[in-house]
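Below are the structure tokens for one structure; questions will follow.
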Amino acid sequence: MDKKITRQDLREAAEKYKNWGKWGPHDEIGTLNYTAPEDIVAAARLVRQGKVISLALNFDHTGPQGAKSKYPSLGRINPLHVMLRTGTDAYSGVLDHRGIRAADDLVVMPLQCGTQWDGLGHVFYENNMWNGYDCREVTSAGAQKCGIEKTKNKMVGRGVFGVKVGRGDYVIVRTGQMEAKLAAGNWDGYPGGDAPGFSFETIDWIHRNQIAAIASDTWGCEVRPNESEAGINQPWHWIVIPIMGLTMGEIFFLGDLAKDCAADKVYEFMFVAPAIPITGAVGSPANPLAIK
Amino acid sequence: MDKKITRQDLREAAEKYKNWGKWGPHDEIGTLNYTAPEDIVAAARLVRQGKVISLALNFDHTGPQGAKSKYPSLGRINPLHVMLRTGTDAYSGVLDHRGIRAADDLVVMPLQCGTQWDGLGHVFYENNMWNGYDCREVTSAGAQKCGIEKTKNKMVGRGVFGVKVGRGDYVIVRTGQMEAKLAAGNWDGYPGGDAPGFSFETIDWIHRNQIAAIASDTWGCEVRPNESEAGINQPWHWIVIPIMGLTMGEIFFLGDLAKDCAADKVYEFMFVAPAIPITGAVGSPANPLAIK
Amino acid sequence: MDKKITRQDLREAAEKYKNWGKWGPHDEIGTLNYTAPEDIVAAARLVRQGKVISLALNFDHTGPQGAKSKYPSLGRINPLHVMLRTGTDAYSGVLDHRGIRAADDLVVMPLQCGTQWDGLGHVFYENNMWNGYDCREVTSAGAQKCGIEKTKNKMVGRGVFGVKVGRGDYVIVRTGQMEAKLAAGNWDGYPGGDAPGFSFETIDWIHRNQIAAIASDTWGCEVRPNESEAGINQPWHWIVIPIMGLTMGEIFFLGDLAKDCAADKVYEFMFVAPAIPITGAVGSPANPLAIK
Amino acid sequence: MDKKITRQDLREAAEKYKNWGKWGPHDEIGTLNYTAPEDIVAAARLVRQGKVISLALNFDHTGPQGAKSKYPSLGRINPLHVMLRTGTDAYSGVLDHRGIRAADDLVVMPLQCGTQWDGLGHVFYENNMWNGYDCREVTSAGAQKCGIEKTKNKMVGRGVFGVKVGRGDYVIVRTGQMEAKLAAGNWDGYPGGDAPGFSFETIDWIHRNQIAAIASDTWGCEVRPNESEAGINQPWHWIVIPIMGLTMGEIFFLGDLAKDCAADKVYEFMFVAPAIPITGAVGSPANPLAIK
């Protein structure tokens, strides 16, 4: 692309790709609506081998947050998993007065720290979020509109890891960047750094194909450096989340799926990736499953 | 049951129902192994209407933790969801120097605070956990054995909400207690209180049927008050988790599923309920899906 | 007071008691400036017996948060203290590979959950905070102005627990409410409930006496129910924090101090109560000391 | 030192410097007992100029945790400060239904992440902690003995930043390492890395001088690399905390104090550094004050 994306380009794209009202004035889940019951039935028909492949990176201190980056992390740390009771407590006899030896635990976790869904409350276009809701619906008390809990019966459909894409599909795109970082043994440059990914012009393709959601193995799905003029960060996000209502998955681990598809030459599968319905959340960790 | 369960009864049950070694000396997932690939294919065949029903309670401050209880909560609080950036920040213009208006969030969440899986590191029998591992494998640094992340490709199979149960099934049992609490508008007595649930003698039935996992709508699956003599708390747990290797789901919301099954008379479905693979965790929040 | 406090009353008080600019346009600590070096020297001269009395309630799950209240807690929970390593780990031998047996811990703590200072970023008057700063200086990233860390060399002076009050004093007022709750064994009604405390008309007295700070043994210092018309919550706070620049201490435990003063008849002391300088915080837990 | 410190050396030191029982069998604060009331009175007499100098590093994401280190951080992160309500919420009008515009916040903070006191529950010698208590008193539920809250009326006395040291003093030792790291603009090598500090042989001097506590500007007070044979990490800690009962301060910021002392040539002062009395904690953040 020779020309940088400008605010005028964003205004034009916002006009052209706006899905506000398409599923009624009260809709809070956007393109997830594209997946119809018959698509789910058809997706289940793709289960022929009984294989389940997780697309999640484990959630722990070895995750990508905290790696070197010029992009400020703004509070995104790797998950902090702490124990409330342990097997060592049990061994030491200090639990026996309770009549049961049990362990318990707790996590402190930014909801976008690992494999995750971006909810529709995550990005605003000017003062609006998806479907035209006022951005002030997302306060310190959480997202009163478009919270991730609104998707709790969604994230089920055909997963596609190939080129033929249709209405209601969950499209999974592997760039290989995560696997390269894992092989290198460090995540420097991954969070907020340069990355292959969706360019601004892919918006048209996404719009035409009426996909339900899109996910990739990078930090933010979008190509970086961005193709935009100064002062516009993540222009693709500006349009696809608040204007189009597209749910997006990030930091998906696609190495196992890639190997499996290369082996059996089957690039479509049942995809089930429920968000944890944290009320008012603008994102959610997930363990997305490809079921073949 | 006329007679209280004694330590001798526990020793005998531990001997009788012990599955240690059944899936090799290195197994960390127990009865989840019962579900075979063909079971998953068959489960997918149950998807005929394209309906998805979440069995999760939303995760927020209205959850069951903190309710009146004689059972000490030991650090189990309701999830604390906090924002790292908001739509009000966006509206106030304080994000514009970043070139994008985006919200972000974080959760502080005991892993057993809401709809959840108990991992196999959750309960010990004397100094052992599932498959005979030493309980000292669960330290303040987490579960080095049987962490919930080991189940990341599991939790997929036939869900049954009826009486005919077979090998590898995920058995869902509704007592109605949660719906009663929700209707009453308060959770007093729910966490650790009296509850309908599995009695000690159900262990034999579970063992014979070789189910993959079991889940219910109560705080702890097990009947309370317990049927055991003083000093033995949750005797069913002592056996089914560390000895048998059974994964159990708790605080499942079964109201919507119950209504749906009553309407369509279909009490079996594809069940997909991936744990969030938090490394070393002894439990995980989940959004379990019944797919019909 | 016969007449309810109105918005017009607030406007008049804001005009009358405004200290903005008094310590220059860049000041971020308000009335803490009243304490001069000679006041600190004089305060130290009050130390004659070598007694140290803590005015802090211990920080733990028995604290006042979570008690019954009609006032929404908005995320204020009691401190959650969790261990990162334990003596039971040590006993179990799992730390020995490190060559040292050590315990470590972590706290999740709302900064206003227990004995605490309210910083000057805590309350706004319309769109302004102390000294006229824009309220948008307090974003999800914290308080860019008037963060509690700006007080790190303050909170030292004469503490007075009696009636003769002078410029630069730290005034401690005991209502007895906390001790009544502690004696009753439950905190119901304490957070946000009815309480003795400062009425709106005390603002004039506070202003004239040029005190450095004020602290009490209640949840919020201010009398409740408030004396204001509908829609105005905590009118005293509206003026004393953003307009006057007064730092206030809440949930101080004054039982031991009261007993001591009754015994030795000495109602003044050196007061040292450093805030923990958490950058950008709008409050801080403290362990305030009365030194006699 | 030519010879490495061995386990036999530790055993001998443990015998020689053991203070167990010195302040009775129930003591939980060790050498803090050395400071007598008259010492506090004398310390207050050192306040002649009315100057207050904070020895705290601000608590935020720029702190030393997370820096490059070969020493595993074991969960010690920099403080995570998050807002529960903000000035941007206020500006957006979303708080007005409450009748007050107020901000609130919360911190997630390892208690040893910044300027801090190590409590006596922090390090064990074999299976014992200070005064001979069983190390199993420090469970996942916290320290049942020697919790930092037991010091709530302590940490007041003469601070010395020079060579003449006496019974009951708080001894502050500046190595300059922190200032060097701050000047360099990064903390690499600070947490757990090589550092100037107390050698094993200083134990005798500390013991003889009967000091109340010691603090320094390094991560762990003790010299690193350690002078011990393989398998013994932090040998000085093994003795001074559990055997001698010495409270120690770490990560103190001493730059301002150093400049001040160089200017006025006064190297002693009143020292007030209250721990936050978090029940059962094995350490506490602090804002230590030198008052001159």
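A, B, C and D are the chain letters, set down in written order, and residue numbers restart from 1 in every chain.
Simple rule for what comes next: contacts are C-beta pairs under 8 Å (C-beta built on N, C-alpha and C of every residue); 3 or more make two chains touch, one makes a residue touch a chain.
Quantities reported herein were computed from a predicted structural model and do not represent experimental measurements.
Enquirer: For chain A superposed on chain B via Cα atoms, how large is the rotation, as a multiple of 5°?
Expert: Rotation angle, to the nearest 5: 180 degrees.
Enquirer: Which is it for copies chain B and chain D: same residues on both faces, with over half shared, or different residues?
Expert: Interface between chain B and chain D is built from largely the same residues.
Enquirer: Sharing more than half its contact pairs with A-D, counted by residue number, which one of B-D, A-B or B-C qualifies?
Expert: The same interface as A-D is formed by B-C.
Enquirer: Need the CA-centroid distance for the pair chain C / chain D, whole Å please.
Expert: For chain C versus chain D, the centre distance works out to 25 Å.
Enquirer: What is the distance in Å between the mean C-alpha positions of chain A and chain C?
Expert: Distance between chain centres, rounded to whole Å: 42 Å.
Enquirer: Mind pulling the chain A residues that touch 2 or more other chains?
Expert: 74-75, 80, 82-89, 91-92, 94, 106, 108, 136, 139-141
Enquirer: Quick one: label the inter-chain contact graph as line, ring, star, complete or other.
Expert: complete
Enquirer: Can you list the chain D residues touching chain C in their complex?
Expert: So the residues of chain D touching chain C come out as 36-41, 43-54, 56, 58-60, 62, 74-76, 79, 81-88, 90-91, 98-112, 121-127, 129, 134-143, 149, 152-154, 156, 231-234, 237-238, 270, 272-283, 285-289, 291.
Enquirer: Per the contact definition, I'd like the list of chain A residues that touch chain D in the complex.
Expert: Residues 66, 75, 77, 80, 82-86, 89, 92-94, 108, 136, 139-141 of chain A touch chain D in their complex.
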